[in-house]
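Order as written gives the chain letters A, B and C; numbering starts at 1 within each chain.
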Amino acid sequence: MTSGLKRIWNTPSLLVGLIMFAALILLTVFIPYISPYDPSEQNLSAFLQPPSAEHWLGTDQLGRDLFTRLIYAARTDLKIMVLAEIIPFCIGVFLGMLAGYYGKWIDTVITLLSDTLIAFPFYLIVIIVAFASGAGERGIYITFILVGWIVFARVVRGLSASFRNQEWVASAQTLGLPGVKIILRHLLPNVLPQAVVVLMTDMIGLLVAIVTLGYLGIGITPPTPDWGTMISDGQPFITTAWWLSAVPGFAVVYTGIALSLLGDGLADIWRKK
Amino acid sequence: MELALQIKDLTVHYGGFTALDCINLNLEQHTTLGLVGESGSGKSTLARVIAGLIAPHEGKILLGTQELKKKRSREQRKTIQMIFQNPDASLNPKHSIRQILSEPLLFHKIVGRTDVEQRCKELLNQVHLEQKALDKFPHEFSGGQRQRIAIARALSVEPNILIADEPTSALDVSVQLSVLELFNTLKAELNLTMLFISHDLGVINAISDTVAVMRQGKLVEQSPKDQFFIRPKHEYSYELLSAVPKMPKSSTSGGFL
Amino acid sequence: MMSIQPILEINALSLAAKSKERLVNNVSFSLSKGESLGLVGESGSGKSLTLRAILGLLPNGVEQTGGTIKSDVSSAMVFQDPRGALDPLCMVVNQLAEVVYYRQKVSRKASRMIALELLERLGLPDSLKKKDRYPSQLSGGQCQRVVIALALACKPGILLCDEPTTALDVTVQRQIIETITNLQQELGFAMVFVTHNLAIAANLCSRLCVMKQGQIVEHGATLDILQNPSDPYTQMLIDSVLPLPELEGSRDSWN
C-alpha cells in the first residue's frame, strides 16, 4: 500500500493531477453543504453583482449565485463526460483487441469501419444527431457511441498486434486456451494501462465538445446549469461583467489541465514499472 | 523403443520462401533429441509446428498413434508443451506467479480448486524456487528464475513431450549451467521426452541422447549423440563442429605480433 | 617482450550512473602495440562501458567519476549488432566511402576507391563493386564485415570489439574471427576484445582481464589464467565452457 502511495508522491504530474481533480470532485459532491443558494434561485434585485463576501464569484443577470451555478454545472458536464466515455471505451478496447489479436479479415473489417467513420467531422455528426433526436444529452451519448470508440480501438489494436508475437501469448496458445479467454484474461490487463491514458486525454476533448454544444445552444438545455450555456449567457455582458463568461471558461481549462496531468502521470508511472 | 512423435514430410512455406522442406523426424519415448541449426535453418519453425502454433502446409504429425490435425483438442494440447527462448517475454507481465502456475492446472483440471495452492508450491519446489515467489510478478525475477517458472508452468500439465526452444541462449553463462542442470535433473526424475533446440553444440552435448541437424529448412542428419560428435555423417555437421571455439590446450594462443 | 611503451593506459577508471550507482569501479589495464587483450565477463560486468569510455562515447546518464584514460593513438569500434551499427537507409559502399572521405581526408573519388579496396580485403563479394546494396540486403556476417571496414577506414591504432560475433551464427563467427586475426597481422593494430565467451577470448588474446560487477577480478596472460585461475569467478567462467568430445580427423582448425 505504502509503496503505491510513494510512487504517486514521486510522480509530480500524477500527484498534482490527482489533487486538482479530487478538489473538483469534492466541490461537486459537497456543494449543497457549501453553498446556501440554489443554482436556479433568481434574485433580480441583486443582478450582475461583482464578487463579494455573499456571492464569492458574483451574480449573473438573473441574480443567481455564480459560484453555485458553476459547481452545479460541473456536476452536469463531468457526469456527461464520464458516462459518454464508458460505452465507447469498452467497445473500442474490445474491438481493438479483436482486430490486433486475430488480424486478417476481422482486422480489415474493423479498420475499414473506423477509417470510414473517422472521416466524418465529429461536430457535424453531433449536430445532425441533435437535429434528429432533439438537443440535449442524448445526442451527445449517441454520437459518441458511434464514433468515440475509434481512438481506443486504434491504440489497442496496435498494442494487441505487438503482444500477439510475444512468447507469453504463445504459451497461452500452446496451453490450449481459446482465443476469447486469451484476449480477456491475458491481453486485457496488458492493454488497459495505455487505454486508460488515452481515455484521460479523450475526455478533455469530449468536455470541450459538451461545452461547445452548450454554447451553441444545441447541447444541454436550460435550466440545467452547464458551463457552455453559462459562457453564452454571459456574452452580452462581456464589457461590464466579464467574469460571467470567463469563469466557466477557466473552469473548463482547469479540468482539462487536471485530466491532462492525470493522463501524463499515469503514463509515467506505468512506464517506470 | 516406442515413438513419442513421428513427423512425416512436414512442409511450411511463407510465400516463396520454404521454411521447412519435407521434414521426416522421429522422437523416441523418454529420450532427448537435440536439434541444432544456424539462423534460417527452420528449427524454431519446426518447434512451433509441433507445438501447434503454426499449421503445416503439407505432411503430418503423429503423436503416438494419433494424427494431430490443424485444430487440436484440449487433451492433445496438454500433451505437448513448450519453453521459449526469451525469458523477458515468456511470462505475462501482469500476472502473478500464482496465476501463471494455477491457470494451466485449473484449465486442464489437473487438480481441483482446493489443491491448486499446494500443487503450485510443489511445482516451484521442483524447479528450486521458493514459495514466496507465488505472490510476486515476473519483473521481480532474474532471467534464469523466469525460465525456471516457465519450466514449472510447462511441466504443470504433465505433458508427454516437452519442447525447449533455446531456453538458455538468452541467459548469462553462470545461469545457463544451473538451468541446464535443472533440465538434466528433471529429465531423469520425470523420464521426460524432450525436443531440445539450441545453436550451441556444447549445450546439445550436455543434454541430448540423439542429435538432429537442420540447414535451410532441411533435415541434414540425425544420429546418436556420441556418434555425432566424434564422427558425424554429413559435411555440414562437420563444418558446424569444427567452427566451435575450443579452449586452447597448450602453448597455442593468439594475439601477439 | 615487444615495445614497452603502452599505447593505451587505463588507470583507476570509474564510471557511475546519474543515480550514483557504480557501474565500473577502479579498473586499470594497459595495452601495447599490436597486442590483443580480452575483457571477459557476463552482463553487468561493465566491460562494454569500459570500451565506450575508451572511445569517449559514454551513453546518456553515465559519466566518468574517476581515473584516467591515456592513449597515443586513435581507436575505432566494432559493435555487437551489425545491423544496428549501419544506417539502414544508406547503401554500404556509400557509407564506407563517406567515412573514408571524412577520416582520411582524400577526394570523393579516392574515397570510393579506398572503400572498395577495404571491402575486398574484408572478403565481401565483388558484386558490390558493380551494384551498391543496402544493409538489409546483406547477411548478418556481411554486415559485420562492413562494420569492421568502417572501423578500419579510420586507420585506428586500437580496434575495440564489443562482442562482435555474439549475434552471428557459429560458422560465420569463425570466419569473422579469422578475418580479424588476418587483418591484425596485416595492419598491426592492437585490440581490446570484449566477450562473454571465454573460449573465443582465449583463442584470440594473449592477455585477459576478467570483469565482474564493474571490477577486474583477475588479469594476466591467457594461459596462466586458464591453467591456474586464482579467482573462483574465473574458475566458474572456465567451467561454464561446455566441453565437446574430440572430433575425429580435425587438426586444431581454430587457429
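Structure notes:
Note that in this section a residue touches a chain if its C-beta (ideal position, glycine included) is under 8 Å from a C-beta of that chain, and two chains touch if they have at least 3 such contacts.
For clarity, every value in this text was computed on a predicted model and none was experimentally measured.
Of all chains shown, B has the CA centroid lying nearest to the centroid of every protein CA atom. For subunit A, the chain whose average C-alpha position is most distant is C.
Rounded to whole angstrom units, the spacing between the C-alpha centres of subunit B and subunit C is 32. Taking each chain's centre as the mean of its C-alpha atoms, subunit A lies 55 Å from subunit C. Put simply, the C-alpha centre of subunit A and that of subunit B have 49 angstrom between them.
Those residues of subunit B that touch subunit A in the shared complex are 48, 51-53, 72, 74, 77-78, 80-82, 84-86, 89-95, 103-104, 107-108, 139, 150, 153, 157.
Subunit A makes touch with subunit B in their complex at residues 166-168, 170-177, 185-186, 189-190, 273. Residues of subunit C touching subunit B in their complex: 2, 34-38, 42-43, 140, 169-174, 177, 181, 184-185, 188, 191, 196-200, 202-207, 222-223, 226, 236-250, 252-255. For subunit B in complex with subunit C, the touching residues are 38-39, 172-174, 176-177, 199-203, 205-206, 226, 229-231, 238-248, 251-257.
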